[in-house]
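Labels run A, B, C, D, E and F following the written order; every chain starts at residue 1.
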Amino acid sequence: MSPALIALLPFAGALLPGLLIRSGRNVAAFACGTATALALIGLWVHIPAIMRGEVVTAGFDWLPQIGLNAQFRIDGLALLFGTLILGIGLLIILYARHYLSRTDPIGKFYTYLMLFQGAMTGIVLCDNILFLLIFWELTSLSSFLLIGYWRHLPEGRQGARMALTVTGAGGLAMIAGMLILGQIAGSYEISEILASRDVIQASPWYTTALVLILIGAFTKSAQFPFHFWLPHAMAAPTPVSAYLHSATMVKAGLFLMARLWPALSGTPEWFYIVSITGLITMLLGAFIAVFKDDLKGLLAFSTVSHLGLITMLLGFGTEAAAIAAVFHIINHATFKAALFMTAGIIDHEAGTRSIRLLGGLRKLMPITFVIGTIAALSMAGIPPLNGFLSKEMMLYEVDHLDAMRQTFMVLATLAALFSVCYSLRFIAHVFLGPQRDEYPHKPHDPGLGLWVAPGFLAVLVVLIGLFPNTTAGWLVDASATAVTGVAQESHIYLWHGVNAALIMSIIAIAGGAVLLGLHRPLLAAWDAAPRPEAKAMFDATILNFGRLCGWLTDRITNGSMGRALAALTVTVVFCGALAWSTGSAGPITRPMLPVEPVPLIAWFMLIVATGCMVTFHRRRLLALVLVGIVGLIVSVGFAYMSAPDLALTQISVEVVTIILLLLALNFLPKRTLFETTDRRRGTDAFIAALTGIGFGTLAYAMMRRDFGADPISGYMLENSYKQGGGTNVVNVILVDFRGYDTFGEITVLGIAALVIFALTETLLQGKSSRRLRNWVTEQRRAGDRHPLMLVVATRLVLPVALVVGIYIFLRGHNEPGGGFVAGLVVAIALLMQYMASGFAWTQRRQRLPYHALIGAGVVAAAVTGVGAWFNGRPFLTSDYGYFKLPLLEEFELATAMGFDLGVFLCVLGAVMLALNSLSRIARHAGQTVNVDPMDSDPKNRREAEV
Amino acid sequence: MELIAEILISIILVVAGIFGLVGSYGLVKLPDAMTRLHAPTKAATLGVGGVLIASLIWFLVLSEHHASWHELLITILIFLTAPITGLMIAKSNLHLTWLPEDLPQPPNGGQWATFDEGKIPPALQEEHDPESLRGD
Amino acid sequence: MISSALIFASLCFGVGQLLCLYRVVFAPGVADRVLALDTMTINMIALITLFGIFYDTAVYFEATLLFALVGFVSTVAYAKFILRGDIIE
Amino acid sequence: MLRRLFPHPLLSALLVLIWMLLVNRFAWGSLVFAVIIGITVPLLTAPYWPDRPRVSGLGRILSYIGMVIWDIVVANVQVARIVLFLPNKDLRPAFIVIPLRLKSPEAITVLAGTITLTPGTVSCDCSEDGHALLVHCLHAPDPDAVRDDIKARYEQRLVEIFE
Amino acid sequence: MEILVASAIGAMTAAGVYLILRIRTFAVVLGMTMLSYAINVFLFSTGRLVIGAAPILDNYAENPTYTDPLPQALVLTAIVISFGMTAVVVMMALGAFIEGGDDRIDMPDDDRIMPDLRTVEDEEARDSVAQPAKSQPVGNEVGS
Amino acid sequence: MNHWIIAPVLLPALMGALIILWMRHDLFLQRVFGLIATGLLLFVSIYLLWLASDGDVRVYRLGNWRAPFGIVLMLDRLAAIMLTLTSILALVVQLYAFGSGWDRKGWHFHALWQFQLMGIGGAFLTGDAFNLFVFFEVLLIASYGLMIHGGGPMRLRAGVQYIAYNLAGSTLFLGALGAIYAATGTLNMADLALRVAEMSPDDTALLRTGAVLLMLVFAVKAAIFPLHFWLPSTYANAPGPTAALFAIMSKVGVYAIIRFFTLVFPQDSVVETIATDLLLPAALFTLALGQIAVAGTRSLTRMAAYAAIASIGTLMISVARFSPEGLSAGLYYMIHSTLATGALFLVVDLIAARRGGDVWLRLRPAIKNTGIVSALFFTTAIAIAGLPPLSGFIGKLLILDATAEDPWMGWIWGTILITSLFAIVGFGRAGSMLFWKSHTLDPEPGNDTDEGPRPAPGPIPTKLDTDEQIQDVADSASPGLAFTSVFMLLGCLAMLTLAAGPVTQYLSDTTTQMLTPQLYIESVIEQQEGARP
């Protein structure tokens, strides 16, 4: 079977429980089991080839640009780990089916489990370190889900997050490490990396890469100082612990170290970092395990210890040590998984995992007792079980070290001693001793489904112990060959003769037994001793980290608009000044225009009005009047400086804006209070002054220099009449050269009106509507709303303004004006009517559908543009001609006029809809609607209402 | 002919300028809001009117462009609107600074419209009908 | 001759503008300011017209027309705001 | 029919005139267009001018306009003198009430407009029922004389025009 | 002349920036208006200043000069767009005022900081306590 | 000339206009036609993507004017990619808006939606600097409407800030354009490129200033530190679908930076590397700030908003050097982060809707559909945090790989990797609180519907003509459609992952095209057959 398929099968299996769970728990379990079994068989099919020393590879290019390829390989190491993962996985699936209760959503469990299994399989089978990283992180994620599976348990949630955080952090470090490694080696393919050991170890980046990769491996394999997450991950259901935290996930780090062993090992850095970390972990884990009352806690720390052991062996960097490491991986997986399952059975049946509450289960649960005892003895390293074999090998290697031999010997023996102690304690304090009366449940042996899996493993423990070479030797050889890169043939014997290792072992067993005897006083001392609690520290760190982040965020982004805009302004000024100063400004090329007295006066007025505006901005109506002055002068300035169109537009926009602001100001407070400190005002004034000076200087510098190249507008002046058919170049630009801009612009205006309308609709509902209805004006109001003379004058002004609007619209192409200004003029005229006779009265008489005007405007402009298509020309290509109708004078008809009509309609609709919406708010808050056009008609004649 | 027009224009312009200035000066000089209202609405109106007339003559007689009657239009517009602005500002003044007691009362009783506070006749009141005035 | 008259007139209106500005800035009431603003608009019309004569161009006609119209509307809007608060009711 | 086509004939005429002024050059085509506008625009705005004032006597209207223009010029000089040379302390501003004979809103508006346009007087307000105007005089040592003058000089003529 | 225009741009910019740094929406809207004046004049002046040469093609004049029409067209577009934007921001400021009861522009703390409540019931309790305060007329600013 | 090039602008514009012209009272019609328009847009975009894949730059001369004088549209690979991305996101999110009932909570949702698409499409296609401004404004103003859709005090306040800030940004945009026009006398991008290249080295200050200001404008849209302040409150308070669509909006800023600083101001022009010098540190800050806030904030929507900021930071880190590898990695990450951020906002909205609108990470009873929602959240969080197996991881790998030779490599890698951990911590905490811890409380009846109290059941009106009915219809959400749309986005991410090879190939071709400005200059300026003389 293709390696890719093997890796894919568990993922495919992950889909099954979700689909099949309605058919029952057994079906789901069976489906997963089948997928796993298939994958296992598929893996084993390759055994003969591997035994011949071949490496099976397959895969395809995924992202060849950076060398991320979906390459798989099966060699001895992959075979070993694959077998562990899939084999124990199969047992776990069986075990979990019986372990989980009816209320647990088992489908979800199997999905997670299969995801995890797939990720692990991927790690061990893949041949590309980037690809490996993907599976690596996937194991972190799926284990997060598995640990947090019992979501009602706080320990589960916290443990899951802790595991995710620690392994995730490690994973990130590893990403960096792997990328560096790949950069050094020039490839991300494992096979090529393994072949370029010399290049890698000679690189100045070697240490960095090594440390980063090791951080990844250590976090995953719970090495000191990252070991603390593993015990807390034990909150997961026991099948998870048995699977992830004994057999598979935690071994991923070991796998990686083994995988990269040929490329990375053998240097002093490797030796000191890896082996010392392993040693410390081994010792520390074993020591703490002695004092753990929780069965799973004990096993967890023992796992930490054993992982340390293997790490240490890998760190030695010798081939023999590597063999020992590989062998211990197998052994540890068998006995530790069996032990976890046993612990799970005890928990399941007795209702507790606390050693203090247990004891004397030997009679009640004989099968469990046998299984547990065998496994525990193996863990203690008692001959003839498999644990003994690998431990002997470890001690032998320690004895043959070149550096730090004594330290390692003493500490390794000590660790073995503790290991014996807690293993024996597991047997003695759980199964032996007097039977108790008050177990939480009534303990008895479980059904076959629960014990067959650990039982199988216990048998393996014994078999490997007795016949190591036949049962496991070939596997060890194959994987050791893969690890070291050199063909290995190991010979494992129970009896090596009396050597240092045996003596150390004997010391450890004897010492362990003695220690167990002294357990009670030791435990008391342990309980009394102050010791750092990893979880508390971690939680505090995370909590404080979160708080710090929150605080920092809150400091930076505190919702203050002033700060945001100040940051913007300062950035702009700073960057602008930087850019200006790093460039070179050319010489001044334009003479200054003379300053005439009247413009000087206008300038003076502008400056004064601007200054007053800042000074008096708290008196809002006054500020509006001052804005009006500034706008007036700006538009006159435009007129003075040869821009009549701009003057027209500016002044008409200005008045609409003022009306808009007045409508809004009706509700807003009429004055702004002093709320800011002097200091803030000072800072703001400083920023403002800086910006003003900067921008003014830029403008001045710009105006005194000519264009760097001829501006494109020369062409426009030349062709405006010839090809655009209009003498007002600005208008021709607007409706023809850059008609597309105008198309966007009228859309903006239309959208603005739609937004305003939509917002009004929202405001007129719900809470704000009630507020509005209860609204009391602050203002003293005059008596007449629609003064007679105003009404009458408007009757005359409105038609006149309409005529003016038509004129401006028609003349726009040749003289200042155009659809936009015309639209505004008509809108202003209509507004005048609204002001004079009131909203309701006016609205009743002229139900212009403003929405439709906007829509029609946009459509008209677009359709005019599209019309050019039928001429085979692009969008908005204009055409024009002169037509003569009888009686009428010759007149020009340009398609641009259709476009301008669109502009006109859109502007009219938009302005009216916007102001209309605003005044609807006021009406909502008001009381009455007028029926007559004016407040009082002297003729006292009231017309009938429509 | 052209000389006459030139002289005429110059005179009108000078006069208009003086009136314009006087109007604005009155705005500063006169003592209270109501009196200030007089100065600009008149003098400025005639000032601008003068300028417009001058411009009219200029374009009719002297300009290189064809004759233009535009200024007449603007004059009409200003003369049409000036009284209304004056009225509205006067009303604002009354509203802001005058009490009805300080004013002469209308002969037939009642009150000046500006002070007719809150006395909207019941006949003019009407219920809300929101959907009819949405404006779409 | 005409150009001297033009300069004289524009100076008159310019100084008038300054007086209006004085009234806008230092006024006892807001109605006065609106009045001054209205006067300013009117003066501006005069100035633009003078400018048109000076450069002998008719392109500013639309602008003056609009100034007249718009000045009126905005003054009415201000006044209505002072009187009623709600300018369209 | 004609009434419906021309809701406000004078307005139509005014608009034709305005259009011709705007176009700024006489052509028959422009006149046709002006007439079209003169018909359509008043039709469009007719709802806002529901009642039709009765106006009679073109000659009277023209003579009224001429008189007002003359008054404006004369009074401007007077006001200029007041503004320039009369010290503020000698100023005698006054409010005067003008009871109205006029009934039509248009007529009242024209009267008020005339009062405002002629210097020295500003019409400030209208009584709530529209039967009196409140006028402010810049300098009126004798308010009653001003009132009588207005009534005789302007209102009388307007009554003739409008009723 | 250039110096006048440039200093006017500078002054309007400074005023605009100062005003947009205020804490009430109205001042910010005014500031935006000032800024858009400033920027419109700036954009306009990129065509450099020319007096008496409006870009209306003139058949009568011999050898006419015209100013650069393109910036004018751009400014026209900009004016219209900033008008639309101003309209929306005014409306939205008004909406925020009506809904929220004050016209500050800064986000209230509730936006960032979790209210100290644990359950739905607490929240409902809070709502009912706060009810009278909410029905106050809009005209009265909260907290000023 | 291929008229389809303008379709991405015209189609939504016309549909938006038609919706307000004829269908403004009928929600059903709006939905149907809105969907049709967006679907067509997708087809057109895919066609354009295919069209662009031959490596030519296609030019559409509006008004048939010669190139620097009229406005042109430029269709290249980059524009086509961005268009396709936009239309995919828009279509899916639109479905979500139907499903969640958001489009019924106020007026004109569909019209604004179309106009928004018009603005985005126009911005991607245009080859004219000022026209870019116009379409920026179109998309911004439509986004204002979409942002405050549904109302509410906090949303409106945030909306005011959003507008105010972007108004300042638009002002700056005009200033920058003014400076550039004043220096070069042209607005067409290709012509600009030509003229910038020929610029005298003695007179560069104005042009440089213009270029930097322009960059700042785009940085405002992209929310790069220290111009990011507008984003958190805006995105956090925007309606779910709007926020999801906004995922592409901030990318418009990035797009514009890429466009201008590859085509107009390449690193060897007089503008030199000033953009890089400023952008890279800012991008690092942006990333750090975003991820710190993800770990620190206690509001779900703000978390999503900050995740969006962080993704922009990552993206800009990659883009800032304008190197071929960096750009192509950045483009990949841009596609990923757009879809992922969109999905995140949708999921957050799903959760918030099921928690009665409560977005705070605090104890609440378990929500309805917790299983499926939690799965979606988990997957989306993986995507956004850049964990495998989704495309975020590949994107990050690409970026790390692209920056391996960079002098700042240590800073870049350190920031990206360390801050990823922050995201993991933040999302882990959020998920645990939302989906695990919540089970300690009993589920509460009546808390499972959309925002606000549930009105009485009744027939679903599709007409929107009185004030009251809008309230009624807000109830009738169809969660199936909502879930489907999130699934679709995640599916896109999965496809992006699987097809990483071909996609990256296309992107690196794109980058090659972008880094060859001569291609654009030639297509726009030199080949002008058929245009007016």
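In the analysis below, contacts are C-beta pairs under 8 Å (C-beta built on N, C-alpha and C of every residue); 3 or more make two chains touch, one makes a residue touch a chain.
Note that the coordinates shown come from a computational prediction; the quantities given were computed from them, not determined experimentally.
Here the chain-to-chain distance from chain B to chain C, counted in touching steps, is 1. Set against the C-alpha centre of chain C, every other chain centre is closer than that of A. Using mean Cα coordinates as chain centres, the one most removed from chain B is A. Here the spacing of chain B and chain E, counted between their Cα centres, is 32 Å.
A separation of 12 Å divides the Cα centre of chain B from that of chain D.
One finds 41 Å separating the Cα centroids of chain D and chain E.
Work out the mean CA point of chain A and of chain E, and you get 34 Å between them. Contacts with at least two other chains are made by residues 18, 25, 37, 45, 64-65, 68, 70, 73, 77, 81, 83-84, 87-88, 91, 93, 95, 111, 113-114, 116, 119, 130, 136 of chain B.
In chain F, the residues that reach two or more other chains under the touch definition are 24, 130, 134, 137, 141, 144-145, 148, 151, 156, 161, 164, 168, 175, 178-179, 181-182, 187, 233, 297-298, 467.
Multi-chain contact residues, meaning those touching two or more other chains, occur in chain A at positions 553-554, 557, 559, 561, 565, 569, 624, 640, 644, 665, 695, 702, 711-713, 716, 737-738, 741, 745, 748, 751-752, 755, 757, 759, 762-764, 768, 777, 781-785, 787-790, 793, 796-797, 800, 804, 815-816, 839, 851-852, 917, 923, 930, 935-936.
Residues 6-7, 9-11, 13-14, 16-18, 20-21, 23-25, 27-28, 33, 36-37, 40, 44-45, 47-48, 51-52, 54-55, 58-59, 62-65, 68, 70-71, 73-74, 77-78, 81, 84-85, 88-89, 91-93, 95-97, 114 of chain B are the ones that touch chain C when the two sit in their complex. Of all the residues in chain B, the ones that touch chain D in their complex are 18-19, 22, 25-26, 29-32, 34-35, 37-39, 41-43, 45-46, 66-70, 72-73, 76, 79, 82-84, 86-87, 90-91, 93-94, 103-108, 110-114, 116, 119. Contact residues on chain A toward chain B in their complex (touch as defined above): 757, 764, 780-785, 787-790, 793, 796-797, 800, 839-840, 843-844, 849-852, 912-913, 916-917, 920, 923-924, 927-932, 935-936, 942. In the complex of the two chains, the chain A residues touching chain C come out as 597-598, 601-602, 604-605, 608-609, 612, 621-622, 624-626, 628-629, 632, 635-636, 639-640, 644, 647-648, 651-652, 654-655, 658-659, 662-663, 665-666, 777, 779, 781-782, 784-785, 790, 797, 801, 804, 808, 811, 815-817, 821, 825, 828-829, 831-832, 834-835, 838-839, 915, 919, 922-923, 926, 930.
Interface of chain B with chain A (complex): residues 77, 80-81, 83-84, 87-88, 91, 95, 111, 113-120, 123-126, 128, 130, 132-136.
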